[in-house]
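Shared between the two complexes below is chain A, which pairs with chain B and chain C, respectively.
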Partner chain A sequence: MRAKRLSIVLLVSLLVLGITTLGLAQEKILVFGNSGDVARLDPADVTDGESISRMDNIFEGLVEYEAGSTEIKPCLAESWDISEDGKEIVFHLRKGVKFHDGTDFNADAVVFSFERQYNPEHPYHQYGEWSYWGYMFSDIDRVEKIDDYTVKLVLSEPNASIMTSLAMFTACIVSPANAEKYKEDAFRHPCGTGPFKFVEWVKDDHITLEANENYWRERPKIDKLIFRVIPDPSARLLALEVGEIHGMEYPNPADFDRIKANPDLVLMSEPGMNIGYMAMNTGYGYVDANKNGVKDPDEPLEKTPGYFEPLTKKKVRQAINMAIDKEAIVRDIYMGTASVAKNGMPPFMLGYNDEIEDYPYDPEKAKELLAEAGYPDGFEVTLHVMPVSRPYMFDPPKIGEAIQSYLAAVGIKVNFYQVDWATYLQETEAGMHQMCLLGWTGDNGDPDNFLNVLYGLNACSIGTAGNYAFYTNEENQELLTKALRTYDVEKRAEYYKKAQELIHEDAGWVFLAHSNQNMVFRKNVEGFVLHPTSRMFFYPVDIK
Partner chain B sequence: MDKESVGSELLRRFKYNKSAVFGLIIMLFMIFCAIAANFIAPNDPYPSPPLLANKLKPGFWSDEGAPGMPLGSDGLGRCVLSRIIYGTRVSLTAGFVAVAIAMILGITFGVLSGYFGGWIDAVIMRIVDIMFAFPALLLAIVIVAVVGQGLEKAMIAIGIVYSPQMARIIRSSVLYIKEMEYIEVQKAIGSSHWRIIFRHILPNSIAPVVVYGTLMLATAILDCAALGFLGLGAQPPTPEWGAMLADSYSFIVSGAWWAATFPGIAILLSVLGLNLLGDGLRDVLDPRLKQ
Partner chain C sequence: MKQYIIKRLLMLIPVLLGASILAFSLIHLAPGDPARTIAGEHASAQTIERIQIKYGLDKPLITQYWIWLKQALQGDFGRSIVSNEYVSKEILSRFPNTLELTLFSMFIAITVGVLAGIVSASRQYSLLDYGFMGVALFGVSMPVFWLGIMLMMVFGVFLRWLPISGRIDIMIPFTRITGLYLLDSIITGNWAAFISSLRHLILPSLALGTIPMATIARVTRSSMLEVLKQDFIRTERAKGLPERLVIYKHAVRNALIPVVTVIGLNFGLLLSGAILTETVFSWPGVGRYVVNAVQMRDYPAVQGCVLFFAFIFVVVNLITDIIYIYIDPRIKYQ
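Right, the complex of A and B next:
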């Protein structure tokens, strides 16, 4: 009797074991640990890296980046022709591609995806903010269908960065049928042509994708891709160590030794396309009344709410640059996971001016400059300190404290100001800060996406500023605009080099560091390639 | 019994309460650290410019320790021991100010409520009930969110949050005392309300205030550290224990346990000391325990 019962138990457990191992062998599930949840799942209506990382696997654009670089190659468009004057681009679309909902990818879908962003009359325009259109695509006048598999893109001005911009998430093609089905809720039901199909989104917990069996290239090697939200980096690492997840973003630099010592884990690290800086409000901005992203003659300069007399003086700003030991900050707070920045964009980009000599760390000279500017005894200033870690700035409160301590040595008393992240961005975009910590991760690998967006006069619009120093040099903006309108690479580079000289001389920023981007995977995960824009493409990834 | 013998009787009973004496010693030691921080701290708690190269060095137990930093250094290369010593100043001040605010508000409203009764009592006690409905720390966070961050504001917030407790305690003793015969006598001979309150009721209801004030000091220090931990209390570079913990706990996983552990121990010891002292005082001052 007992023997019989035992044998039944054994049989059942063997069966269960067999089924589960069989199941594991059949389905390859990759779980990735993210630091935060997505905001929306409409590629044209997000600005944050978390949202983008999921959609990189669901959607595709006309062109896409080569693995690990910002060179572009054909994707949903097989080829394209650019007109002589650079104002018209004709795309020949790939045939036989289907959206996840089974409808055909064609010229109508392309026109739909773009037109809803720029045309206020479009019935689907009301369902989004489309903020990136204003940042990067406003030179596109219209997108026209020529036939079912040919579209024409018409620019109002020549734009040298437009092709790389088209590989951005904003220019991804969405299914019009899906948009029609879900209307204002479409951002919860993403539907593209990419290697993975959307399955479910449980807010603040996970997003599940599954392999697209009808993908126009080879089917992806993994069957399921799950993005799990684990906000604390230490908790994320623990989950990775026990194999609960297969990969994670933003490991804590203090844990690097521990990761390297673990034979099951692989730390991937590469220079990132980003800049972390401290901006000093130089005092003036403009109100962009017609919202065209350009400072027009009828939009005069006016004082920003955070106007602060000492920071309007160039010598004071230069003194602050000299009072901060960036080398030490990079070495000891970034813990060597970054390189010291002297310009406002990373060194591997077109037009980077390597001849610029960075301000040395020289507190004595800084004191002299302060005295010359009329502040021999220093002053008291408020610093906005970011409440969150971003890829371009690891641990802002510590960096803020270090800066506070460096500036105290030259007589400048720094008061901390911390608010929640949404308010932080609102206040700094409105110029309410005196000094602030911030940064930028590049979107498309084009220098315009750094220099014009962060340091140009046009970006000094109070309320939507990207130029947080409110650096209103007209000569600088002229150079940046000329560069954007020039297709000749050599000439463009020259303009950008000159602009960086001006930006350096006027010292509106203390450029701190270009952070590496770091990711950790378990050893059996193969094929992941870090992308300079921090985007995450899981298509080539496999689990061994 | 004359006054002196009452005092010596209390002292005698206090001395026999070992844990209370231990609490008192911790308390006195903290006060000493707070006053003499400048002299006994081995290093500047926030050197300027910072000595980043010294970051996360272990203390006396290791050969790789930074010289002159017995408890090691934190993520910005600052001496943990010196910061804890200066932090005593911050925490004690915060605790005392918060309790003082709680006492002023609590005594005022408690006495009004208990002595006059009627609708004044009803109104004040309903407000107290409402405030009791919120968890103390949550209410403090709300107040800080409204008035802004900073140590001073955190103290005020904690003071306000604790005042209802104080009001309740005072009110119950006032209710008891005002029925006593000597109060009846005062009323009969026509003393004013103010004279009765200040000369007779307050002095007689002060014992529970002292006891609860001491216990409250402990929780006030703890809550102040909690607000600091959440980044709502003391602002950098002020060496506040809670903020020190928040700065350093992420280093524990990577092995630099000291930067977060010692401020934690400091919080633990001070709260423990004050609780022991408070309990001891209650035992001593409670007439029911008299043999």
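Right, the complex of A and C next:
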């Protein structure tokens, strides 16, 4: 009896004290806390931030971003030449680079990685959805091998944003030998040329990567990189505080003071590449019958299902812009973790028009404008309020409530409409809303990826709209298309500045905020640089 | 007896069929398009259409159901639209996590709950009785989410006794065989892993076990009280049997039927995933999986999970019914 009791006491104390330092102490292991698990591990077949952040450390593309910016520098391609007509780009590839499976990186791998995405006849096309290709790279007509270390990209139209797009995860180069080995299961066995090699994936729990000893640059400073899934933000912060993890994404803004007060933690904040806005349905869109993403002459404008007379009037939309106190929303609801937006894209991007003067917060003037537009007593309108928190909008219901009270002050009664997220997107893309809260996080860091996809006429297709105000200004679309076809940076910027003037004047949106991206690390983690695209490159990171 | 079990197992067929039809209609009635959710917010119309065709989402509902049913009858529950992985594999890879957590928390719940119930009943209206039942009332009404965070704060952050998230210390090398970490570490003789996974089990099990524990305690108490009033107990006391024997040998066994029913129900519930606990404690179980699947409108995954849960429920109920026989020999199934 005694012995039994003693052994119980021993067992319990063993449990309590635990055996904590069993791992090889000299190994540098970085554990990062993510909010969710990845869907797949093929860089060309992922669309969500979680999957992308793992890809960024296993794979590389022909070009890559400079640290912390969206400017492009050589990576797997050492240099490139663009032809006179802007339709051909020849890449000279880096020699001596090996994939994690030991095979050579060469022109065949580049052609394989791209062709499987755009060519339906390609034997590996069936193994993925390739969502981003049709959206970002549809101007690429084909990719040709010239010799073992030279490839040519042939475009159907000159496209000035293609170089930044090539730094996207979608354009990462995968090992053809690995794809052949695993076929339809290759998404579970990622194999690239990047600084870290894939080790294991325990679903909903963690993904382990290890340093690539044969990396073509200097070997990474950490030996292992582990992404752990801790879905609850409070639990994630607790895990960081006790040292179970070394860094985490998406901290709760409500916890920022607690983080700042903790000497062991560092809160990193940078302006994010995003925009949160309220769109007002101006009434008309088109049906993209041939699904080419462009409004063709034989696709006439028609009323959207959410057509609402007052919002078709420019003065009403301007009045709504003046009735909302954005400063207060950013200060109180974003809790200072964002900056007030006056244009539809963040300020650090090419062609941002800083000369535009934002609509002032002026309820009196708003009432006047409403009266001029024929609504002296206001009206009743419905607002679609997002059911989820997104990087560009942490707390949509609260923002909705703020807008509701601001608009009530000028006589406009706002009714809430809420529905689950998948339906929300479906309804707003079909133009069923009168007003809606939404936003955008940029893909590649090119202005085209904001202005053209969010505010262009081509994006007013009912059912698949990206332009949720259904702002159908043709002049604006012309400017945006011209800008996309121009490689001259100055000229491009001019087109974009002009376009932003039109967008501002016609006031289809109330641009609310660009929210910061935030990450928390333990103090001994050094070298992580927040990237505008929110991608996570752990290559330069070290643990002291 | 054997016939009875076979009959019960045969009844599984209409149950599963009904569950699948119900799940299928519900998830399809809910608006939202899975092709949309995998293609991402930024996808083109062509891409979405291609995905719809690939997964047969463009066909009429009845055809979709028929195709699914035909495959399911051959044991193929299809591939998840989101992860492209076989649904059966997705569920079975996560189920051991849920099973281990359930077993452990039910172990705590039953031991503590039954004991507390017995003690309370045998000393009705004593301080101990009020104490236990007060705690039980508190336990039933406590939100798991809050309880979980509190346990983490106290034992993980302030006292630093126990880890607060995950399944095992990931620095410890570990081989998965059955997916039940305690069992696997015993099989491989990996004691570091055994202790680590046991330590990781404690807080989530406490959080998850609290409500069943409280329910079990209350049911045990009331059932015991009823039994203690019966004639045979008076007879036993009258013939001078020690109170300890009266209670633990004779009364408890007679009071157990409703307790076993409650335990069975809770088992079935917990086995279909404890979403909140799994989220707070970063536990990679089936509960989190099915919620994600519903949110992403991952039709095959939702279908698979519902069928699986229905199956588990029926089997657990069957086992409960069989246990009745052993507790009360008067019960016979024809």
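Going forward, the second predicted complex is superposed on the first by the 519 of 544 C-alpha atoms of A that agree within 3 Å, B and C clash if a C-alpha of one lies under 4 Å from a C-alpha of the other, contacts with A are read in each partner's own complex, and residues count from 1 in each chain.
In this section, a contact is a pair of C-beta atoms (placed from the backbone, for glycine too) under 8 Å apart; a residue touches a chain by one contact, two chains touch by 3 or more.
Everything numeric in this text was worked out from a predicted model, so none of it was measured.
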Clash-or-fit label for the pair chain B, chain C on chain A: fit
Which superposed partner A:Gln418 touches (first chain B, second chain C, both, neither): first
Partner chain in contact with A:Val453 - chain B first, chain C second, else both or neither: second
Degrees between the directions from chain A toward chain B and toward chain C, using C-alpha centres, nearest 10: 40
Partner chain(s) touched by A:Ile29 [first = chain B, second = chain C, both, neither]: second
Dominant contact partner of chain A by residue count, chain C or chain B: C
Contacts of A:Val287 with chain B and chain C, given as first, second, both or neither: neither
First (chain B), second (chain C), both or neither touched by A:Asp332: first
Contacts of A:Ser234 with chain B and chain C, given as first, second, both or neither: both
Distance of closest approach, chain C and chain B, by C-alpha atoms in Å: 8
Chain A residues contacted in one complex by chain B, in the other by chain C: 234
Of chain A, residues touching chain B in the complex: 233-234, 237, 252, 254-255, 257-258, 325, 328-329, 331-333, 363, 387, 397-398, 400-402, 404-406, 408-409, 415-416, 418
Chain A contact footprint on chain C (complex, rising order): 30-33, 36-51, 54, 82-85, 90, 93-94, 148-149, 152-153, 156-157, 160-167, 169-172, 176, 192, 195-196, 198-199, 202, 279-282, 284-285, 288-289, 295-297
Chain A partner contacts - residues on chain B that touch it in the complex: 46-50, 52-53, 55, 75-77, 149, 231, 235-237, 247, 250-251, 253-256
Touch list for chain A against partner chain C, complex: 14-16, 18-20, 22-23, 29, 31, 39-40, 47-48, 129-135, 138, 184, 187-188, 202-206, 208, 226, 228-232, 234-236, 238-239, 241-242, 244, 288, 291, 293, 419-423, 425-427, 443, 453, 461, 463-464, 466
